[in-house]
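Naming follows writing order (A, B, C and D), and every chain is counted from residue 1.
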Amino acid sequence: MEDVQNHAPKVAVDIDRVGVRELRLPLLVRDRAQGSQQTVASVDLGVDLPSAFKGTHMSRFVEALKDWSGEISFQSVRGLLQNVKMRLGAQRAYARFSFPYFINKAAPVSGHKSAVSYQCRLTGELDNAGQSFLLEVDVPVMTVCPCSKAISNEGAHSQRALARMSVRMTSFSWLEEFIEIAEEAGSSAVYTLLKRNDEKYVTEHAFARPVFVEDVVRAVAQRLSTRDDVEGFSVEVESMESIHNHNAFARIERGQKI
Amino acid sequence: MEDVQNHAPKVAVDIDRVGVRELRLPLLVRDRAQGSQQTVASVDLGVDLPSAFKGTHMSRFVEALKDWSGEISFQSVRGLLQNVKMRLGAQRAYARFSFPYFINKAAPVSGHKSAVSYQCRLTGELDNAGQSFLLEVDVPVMTVCPCSKAISNEGAHSQRALARMSVRMTSFSWLEEFIEIAEEAGSSAVYTLLKRNDEKYVTEHAFARPVFVEDVVRAVAQRLSTRDDVEGFSVEVESMESIHNHNAFARIERGQKI
Amino acid sequence: MEDVQNHAPKVAVDIDRVGVRELRLPLLVRDRAQGSQQTVASVDLGVDLPSAFKGTHMSRFVEALKDWSGEISFQSVRGLLQNVKMRLGAQRAYARFSFPYFINKAAPVSGHKSAVSYQCRLTGELDNAGQSFLLEVDVPVMTVCPCSKAISNEGAHSQRALARMSVRMTSFSWLEEFIEIAEEAGSSAVYTLLKRNDEKYVTEHAFARPVFVEDVVRAVAQRLSTRDDVEGFSVEVESMESIHNHNAFARIERGQKI
Amino acid sequence: MEDVQNHAPKVAVDIDRVGVRELRLPLLVRDRAQGSQQTVASVDLGVDLPSAFKGTHMSRFVEALKDWSGEISFQSVRGLLQNVKMRLGAQRAYARFSFPYFINKAAPVSGHKSAVSYQCRLTGELDNAGQSFLLEVDVPVMTVCPCSKAISNEGAHSQRALARMSVRMTSFSWLEEFIEIAEEAGSSAVYTLLKRNDEKYVTEHAFARPVFVEDVVRAVAQRLSTRDDVEGFSVEVESMESIHNHNAFARIERGQKI
């Protein structure tokens, strides 16, 4: 049968990236506490396409995924990218996995454990110059407003905020370490299971540490700046303000644009 | 040209509703303060289809919309539904408009005005038994947790919550009246523009009126129950708990299922 | 510490349903081919709340989930609902799980296998009258337009459509059976991995079976009507029309309102 | 009252951008056919924040918006950004408006007109080096697969695809010009209202011009490359493949990273 993809295109322009997107599949992720955990990912895969070819061969991305172990790590993504490059005859390969990651977290007083989910993305890119590896994680935290607290006779508005980290890594590190950095920067971490004594603790703990989104983004940026395994990063904190119907956000970028 | 839609179908079954969905268009909505306001809607239109016909004629829905005034009201939706019924030769016609509605709201102390947006849906259905008209509006409010406040030495967690009302109307009423019912049931309304003295007032006002989602849903249900223009309703309140990564919700339904 | 939830509410109205929503957790689902499969769910849990109590105890929902096996089935949901009723002192309990389900499907000519994902929801409700069990699954299919094919000298527009089934079950049945019903009603099933000879087959197979959304919804409804394990259902088919920026849909409901 | 925002922060780090997000408001947009059109936008506003200040003053963003005309254009965004910079005492200001834009498009044979909506984003950034202006528009088109057509005895799969352009402008140009570029690059434009003779034309026209996402992205990139008002751009085309449950995409970037 005719291979239309191998024809010359009408417009001879190099394509930066071409591939498949939002392909869902089960995924195994490395987990500090248990070795590994089973989750579900949405995957994007892509390659460059030189100006000489009309189209890429989309089914080969799926074949490369089938060959692959399905356990994601800094190392295993390299293997996937090499396979994609080879199967597609490409100079550059790209893979992005988006998935929820679960941590079994103990409540602060009762110690009762329950799973909290964090949305993560791992992105690898491989070309002749080497491999880059981007780790992204969205961490929900609680923020208590310092201004509202300072000016009010009682109380202060609080809300759920999301700290989104994008970190360009030079080696493997646990997702848990980045989640802890964000949780320590908020007024409090969030939990799935809180008994009455836990709720008392979380409330008092949070009101003793009021923070703006600006405070959270700075604290996370400072911690990331000191890590040897981090080449560059962006951090964005967005709070669903309880006194508004819009959000507040703050963003810091360091190193190469992400 | 062949009219395939008029053929007999392979499976002779009546279809309850068939039509178009997520058609976006500019829309004029009646507004208590200004007479009318311009917004943008996503529209669904549908009719029944008897077992004798293979398909409906989708382009006629768009033609009925073009004929229509574009100013939505209890009365004008009736005109649209009659036109849809006639053009499509249907027994039942259905229309649903989803749009943001803006209210210019004054801050509680400074009096500074700014627009707050509320997501609304208006749904009309017309058959031989008459017309039904469903008004839906999602109202963001602030909730301060009564449990957290009672057990903690200082503070209480608060968050943005959404009160979603679905109200089966017997006559025209202003959207503003339903929005006020929900805002009065929360610990506080939310605002777009709050100066420092407003933020102090909102914080103190909210902490003096802590409510669970259960309290909000009950207060709204009670107010809706006493209205003569309301035939039946459902209310659902969902809060984005600031101490959790999941939400709390409560729901009350009265009258025929909505 | 004070149990504010047990206080009398200001407004003494029964609440139909109160609970937690969008709680994410890992989930094991029964799988016809492999016994079971691991996936990830978003969970809602709720109970009724009598007018005598100000609030429910939200943390007990999470405790009931922790007690639970985590393998979902008609039977195991009953156990969860009984535990929720008991822990919360409720008359009615409700649970809803939303998750992607994977089937390893063979391409029609090459036989190459790859995972296709289907978004599913399982909802159980238990009260003194008994348990109801609702199975929902969204099945992507391809539709080729019969009108476009009949009137054009060449071709016909096709598109991805989604068949959404909500089925009230009387006993356990495999998800796979309902997925097959929808796939057989479209012009073709969709696949994750198609080699060139498969793509030729799928194209020709689909063009030999052009269908409107009306044809798909009727074929699915007819098949569901004949099943002994189905008490009532709704089916909705929505196609992302390739010639429009809006969608076409058709819907059939049978039995009690879902 | 205390101005907590003016305090020194605990962590003295410059913040790249801080502000408000997802603020909804009515918006007037310049329109080639009618002078202007009324729509509804979601707005983000931000500024830099030096390391000396704990927080920005969020209410001033809303005040700057209130001052502003509400008619968006290359020129008027400059005025808004200058006001934001001044009110906030900032070195850099940023504004982003996301809104649907409507074009009244004639069907290709019948000439019947109907509104098609296009999601647009306009982003301005102003600092001491000058102002940048980014125009983004998502254009739905139809694609007929050249491979499927070449290898099949009959038909070819087609689908709705989205061409997303991000264009860094040096001067004002009409949104309509960029929409036309994308529509001409697909197998066919999409329409809201098509009568039978229009549908025949669109089908035959599209089947005479089969294109991959690669063909569309190249054709758009070539056209953008020749424009004097374009400093740099990215184009991404994503098709909701009708034979798969995942999408295909292709992307070209030129000039500075966007």
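One rule holds in what follows: contacts are C-beta pairs under 8 Å (C-beta built on N, C-alpha and C of every residue); 3 or more make two chains touch, one makes a residue touch a chain.
Everything quoted here is computed from the prediction, not taken from an experiment.
Engineer: Which chains sit in contact with both members of the pair subunit B and subunit D?
Structural biologist: For subunit B paired with subunit D, the chains in contact with each are A, C, in label order.
Engineer: Averaging each chain's C-alpha atoms to get its centre, pick out the one most distant from subunit C.
Structural biologist: So the farthest one, by centre of C-alpha atoms, is D.
Engineer: In angstrom, rounded to a whole number, how far apart do the mean CA points of subunit A and subunit B lie?
Structural biologist: Taking the average C-alpha coordinate of subunit A and of subunit B, the gap between them is 34 Å.
Engineer: If you average the CA atoms of subunit B and of subunit C, how far apart do the two points sit, in angstrom?
Structural biologist: For subunit B versus subunit C, the centre distance works out to 25 Å.
Engineer: Mind pulling the subunit A residues that touch 2 or more other chains?
Structural biologist: In subunit A, residues 1, 23-24, 117, 147, 151, 192, 194, 196, 200, 245-246 touch at least two other chains, as defined above.
Engineer: Where on subunit D is subunit B touching in the complex?
Structural biologist: Touching subunit B from subunit D are residues 1, 3, 23-26, 37-40, 59, 62-63, 66, 100, 102, 112, 114-115, 117, 192-197, 200.
Engineer: Help me check something: in the complex, which residues belonging to subunit B touch subunit A?
Structural biologist: Contacts found on subunit B: 116-117, 140, 142-144, 147-148, 151-160, 188, 190-192, 194, 196, 199-200, 202-204, 206-208, 240-246.
Engineer: Considering the complex alone, what residue numbers of subunit B touch subunit C?
Structural biologist: 1-2, 4-5, 9-11, 13-24, 44, 46, 49, 54-56, 58, 146-147, 150-151, 212-215, 217-219, 221-222, 238, 245-253, 257
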